[in-house]
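The same chain A turns up in both complexes below, where it pairs with chain B and then with chain C.
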Partner chain A sequence: MQRTIAPKRRRAAGRFWREYGWAYLFILAPVLLFLVFTLYPVISALIMSFQQYNIMQSTWVGLDNYERLFKDDTFWKSVWNTVVFTVCTVPVNIILTFVLAHFIYQMKTKWQTFFKATMYLPAVASGVTISIVWLAIFDPTDVGLLNRFLGLFGLDPVIWLGQSKTALFSLILMNWLGSHGAGIILYLASMGGIPKSLYEAADIDHASGWTRFRAITWPLLKPTTLYLLVTGVITSFQVFISVYMMTQGGPNFATTTIAYLIYQTAFKFYEFGLASAQSFVLAFLIILVSVIQFKYFSSDVEY
Partner chain B sequence: MALVEFRQVRKEFIDRNKQPFTAVAGSDFVIQDKEFVVFVGPSGCGKTTSLRMIAGLERQTSGDIIIGDRIVNDLHPKDRDIAMVFQDYALYPHMTIRENLSFGLRNLKKPKEYIEQKVREASAILGLEKMLERKPRELSGGQRQRVALGRAIVRDPQVFLFDEPLSNLDAKLRIQMRVELSELHKRLGATIVYVTHDQVEAMTLGERIVVMNQGVIQQIASPTELYANPKNMFVAGFIGSPPMNFINARVEQGRIVVDGGSFGLPENIAERLSAYSGKEVVLGIRPEDIYGEDFAPGVSTEHRLQAHIQVVEHLGSENLIYFHVGGRMVTAKVHPETKGYTGLAKEFILDLRKCHFFDPATQERITGK
Partner chain C sequence: MKKSLMLCMILVLALMTACGNSGDGASSGNSASSSADPSQDKDTITVWTYPVHGTYEDELKGLVSAFEAEHPNITVKTEMLSWAEGPQKFDVALNAGSPPDLYFHAVDGTYVNTGLALDISSYMTDEIKNDYLPGTLELAQIGGKQYGLPLYQFEWGWGGNKRILEEAGIDWKSIQENGWTWSEFTEAAAKLTKKLPDGSTQYGLVTDGTSLDFIEMLTRNNGMPDVLDEKGEFQWGDERIKETLSFIRNLLDKGYMPKETAAIAPAKRSDMFYAGQAAVISKAIPYYDVMIKNRNKDIDAGKVTGEKINFVLLPVPHNDDASAKTTMGAEGYIAFKQKNDKGEQHAKNTFTVMEYLSNAKAGNASNELVLPFVRKSQAEMYAGKELGTAETIAASQKMAANIQIPVTLNLDTADAAKMKQFKEQVVKPNIQALYSGEKSPDTIAADFISKAGQMLGQ
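Entry: the complex of A and B
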């Protein structure tokens, strides 16, 4: 009996590998990358967040890092800064993106292509380069671009990044005027997907321009808006490059965001355990906010 | 309700090569109050453009459009007092059926009780009462179609416009909706302009039919008139299923000669064809006016034609027999007891009293039965 089953099994296994072997081989590469560069660091960080981490020897400290974290004023300040930054940038960016997309959508195809490309261009520049340009714009002396502009109206130069009351706002302003290209392209694609007959039906149904927008365009673009909202919030919660390049979290922690604090804790103070705990709190916050957004803004619209 | 009139209405578009393209070439017609008129024709014939011009969704290049007693050339769609049912229904996907139905009335700022009453009435007529709180995606194609109709009904417009509303439904549902539309027309007593490319739909629904081709109105007539007396080869070939057969023929000394036979003509027809003596004509005969020689009850068997059968289709109530005459495929719709199989050389009998003759150059009809 065994003699007959064993070759059968071998044949089946051989056939399986002949049919699916390549497929598994192709899947293997990304899976390995994910395991090594994503899953392993996440699990290590989780373990690390319960340790007093040292390269030579780590000690298990339980929830000490989390306790320290929640008692730390700087951490709460960074949470506050991150929330302010997010609340001030994401909705404004979505509105700006929508308005720009709306105007571009009215244009002829060749102009649409031109503006799509132009608006998307900043997305291919590195955050570091953009930050350097903005450093010149925010230059506190009267040769700074923004200050020179204010000077045209007889206003005194402002130390944009060097004082607590304007530093975070400066970063927010920079974000407002940053890249809206990806959002514009998404909105344009969604706008193009709304059937023209809906607007024609609305025209016959006595809808005004505002009603058309409020009752058709906006609700039908809700899935795109939700996507931009969720990704926008996630990106804002992780804001780092502009802070690192322009203010180093200062002055007086006025621009210290959670992501920057994590960097500082880990690579300036070498407190990897504490930094890991901060990272997990940030991850938890992002998940929490995303779930809330999906719950309250999700739309199952089909057209 | 109101009449709809086109006076020399022309519509030109600019095509991709920036050349003007005439979609509708100077149409003239009057649709009477409470009349159900169907525009029919192949794709690109200008029927939908005509409907969209009535709706105000397209502006005519020249000419006047009249609805009721007003010239509506420059009126916005909402000011034309019309309602339209779109091919894709154009239901607002994020609104409930109740919201879809009431959208127009809400925009008109009608009182709540009035809107409620109109929605109730329309949903009762169309059997939508139980689905008012559902979204369009939760409904079947036929139900969506009814909602689109309901949205038109609640507004009590002067004119209803239908743009191929049944084309997305399956064959069975289409027949059912055709009946419902006819009943609805009687019930509402409304002026209806209906566009379709399906001639069966046109014949069953329309009190009058406007046949269009390449932007030009070919004929406006009742379904029976169109079928019996088509003005030209296009109308003759478009109306009727299977379509009318066209056989190349020649008039010679009071006889008509076709490939496979020659027939003496009845005196009245021979007289009308006298100008074509010695010339080519096209003989048009409907499939049901051709009989197999073995089953032609009550038909004069004098006009016979010999042909080899190409294909026989058995449809149960009738057989369709296909054969070639003078290089053209001819279809005969015969009694199921008529014998025939592929390759059989068979004699067919033509009921020449019901045939038509067309000028091959102008394609216009030169004589009738």
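Entry: the complex of A and C
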């Protein structure tokens, strides 16, 4: 009996590989890249978070790194700053992006193309370059662009990045004014996908502009909005370049975010174990927030 | 199907082989050409360095070519890093276990802590040791072990705009000769601060709000060598730190320093000094003399716009009842081994390259930077060819007499690492809060004491 089953299985396996073998070969490269450049570093970092890391000889310290960071005021300050940054930037950015996309959508195609390209420009520019430009805008003396603007209204120069009460807001302002390109492209694509017949039906019913927005546009754009919300939160939780380039986390930790703290712990103090623990707490926070977003915002999304 | 499976296996094997070989390039090269005399085996030494001065890249190329001509079996691969990105690149490489064989920097306890810094003490011949001027080799030692060879001694001071100082009647020659106290500086700052015809302010002193040089230089001039002393005892916990912080606060309150100091970046600080908006700049190094002379030439040639200025090197003022101290140390090449150690001969070759890159001819770095030479042979080679003005050279030598040896060279490496962390996480934010007026000197001093208890256990 076994003799007859074995050749059958071999034949089935042979057929399977003949039909699907090339598919597995094609996905082999990305799978290997994932294993080497994503999974392996993540597992290594997880192990490292339980060690006092040293390149020559690491020591297992159990949960000490996690205990240290939970007792560290700077860590909680960085969590607070990151949450404030996220709460202030993501919703405002989504609203601004939507409004801009709405206006651009009303325009003729050539103007749409022009504004899409203009709005997308910051997305292709280096974060470092943009930060340098903003450093000039936030120049604390009266020659700074923003302070000159305030001067037109008789207001005194503001030390934007040099005092705790304005430093984080300055980074938020920078984010509000420069990160809409990708969102606009997505919203415009989604707006183009809404069937015209729905608006025609609304016209027949004499629906107001607000009703058209509430009953047609908004529900049909919800998948895009959810996507922008989730990716926006993830990106905001990882904010680093602007902090590194413009404030170095100061003044007095006013702009120290979790990502910057991780960098500082790892590359200034060489405490890679503690930095790994901080990274996993950040990852946990991002996962938690993303799960909550999907749970509460995706229930009535129409795909 | 067998073919596709075979292809998969080949691909996996190729990747594994590629990964397995990473970092072993040099050693495989060695074994391929090993001979009876290991010192003649082919070897490659990697050097990561910085544009130490304006023409250092060309100078280094010349040194490397000459070295390779003399040592045909050794290839020197150099990489010129940028001052902005280089330290991060090196830190990543070091902590991945694959630092370059030679790196340009001051010897640092955190490097030694990794276990990858190479102790070169055993390669130092008497001839080499005797060529170094007294006290200079020690600037690249930690715990009595030699990890680097100094290329030059760095020296931090303040810089003055000669025109502004003279217009305000400040006797800068006397300051260079005799130093000055905090009270004398405060009086001078009052004379140097004024409104300019265009409505802007000329400040007595400008510094940047992002680095710790300013507070470190002032505390050293108030009897505190650093946050910890050489024995590892906390220094910044008594009246001296309150006095230092109050001195700074007073300069800000009186308007002698810009109220925007917390947000002034180093480049902005230099711009203000060049534009005549500040009479004195902190920090300054003697090399400013050469830099400013070159800038003046560029202004004459129409390449740069702005006012030509003349530089005056000034010592940092000291508290009235403390002695003057000059922050000094040494920078040069530090030797490293890799996690996959390439062996004793490679270490010896690394030292040979290191010594060559720090030889008499390499003393041009000290000459260009208007800094004290570290080797007798360098001083002899460049005698009479000094690039700095006579006043700056004399002032630099006078300041060097008050050298404050970095405590990190004698401090336990674990304490040195803790002190570094304390400076970044406690001192820096508090100093920024002092500049912006968010915290008083008393509150900051209390915070130093409280955080020292938590972080330094004192």
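The working rule: the second predicted complex is superposed on the first by the 272 of 303 C-alpha atoms of A that agree within 3 Å, B and C clash if a C-alpha of one lies under 4 Å from a C-alpha of the other, contacts with A are read in each partner's own complex, and residues count from 1 in each chain.
Following the convention adopted for this analysis, a contact is a pair of C-beta atoms (placed from the backbone, for glycine too) under 8 Å apart; a residue touches a chain by one contact, two chains touch by 3 or more.
As the structure is a prediction and not an experimental result, all values here were calculated from the model.
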Based on the shared chain A superposition, would you classify chain B and chain C as clashing or fitting together?
fit
Touching A:Leu288 in the superposition: chain B (first), chain C (second), both, neither?
neither
After lining up the shared chain so the two structures overlap, which partner does A:Leu220 touch, if you call chain B first and chain C second: first, second, both or neither?
first
Scan A:Leu39 for contacts with chain B and chain C and give back first, second, both or neither.
neither
Mind working out whether A:Trp17 is in touch with chain B, chain C, both or neither, as first, second, both or neither?
second
In the superposed model, which partner reaches more residues of chain A, chain B or chain C?
C
If you stack the two complexes on chain A, which partner ends up touching A:Asp139: first (chain B), second (chain C), both, or neither?
second
Partner chain(s) touched by A:Ser197 [first = chain B, second = chain C, both, neither]:
first
With the two structures laid over each other on chain A, which partner does A:Ala207 touch: chain B (first), chain C (second), both, or neither?
first
Could you tell me how near the closest CA atoms of chain B and chain C get once both structures are overlaid on the shared chain, in Å?
44
Per the touch rule above, chain C residues touching chain A in the complex are 1, 4-5, 7-8, 11-12, 15, 19, 88, 91-92, 94-97, 110, 113-116, 200, 209-210, 258-265, 268, 339, 417, 420-421, 424-425, 428-430, 432-433, 435-439
Which part of chain A faces chain B closely enough to touch in the complex?
195, 197-198, 200-208, 211, 215-216, 219-220, 222, 299, 301-303
Please output the residues of chain A touching chain C within their complex, sorted ascending.
14, 17-18, 21-22, 24-25, 28-29, 32, 36, 54-57, 74, 135, 138-142, 157, 159-164, 248, 250-253, 264, 266-270, 272
Chain A-touching residues of chain B, taken from the complex the two chains share:
55-57, 76-78, 82-84, 86-88, 90, 92-95, 103-104, 107-108, 137, 151, 155
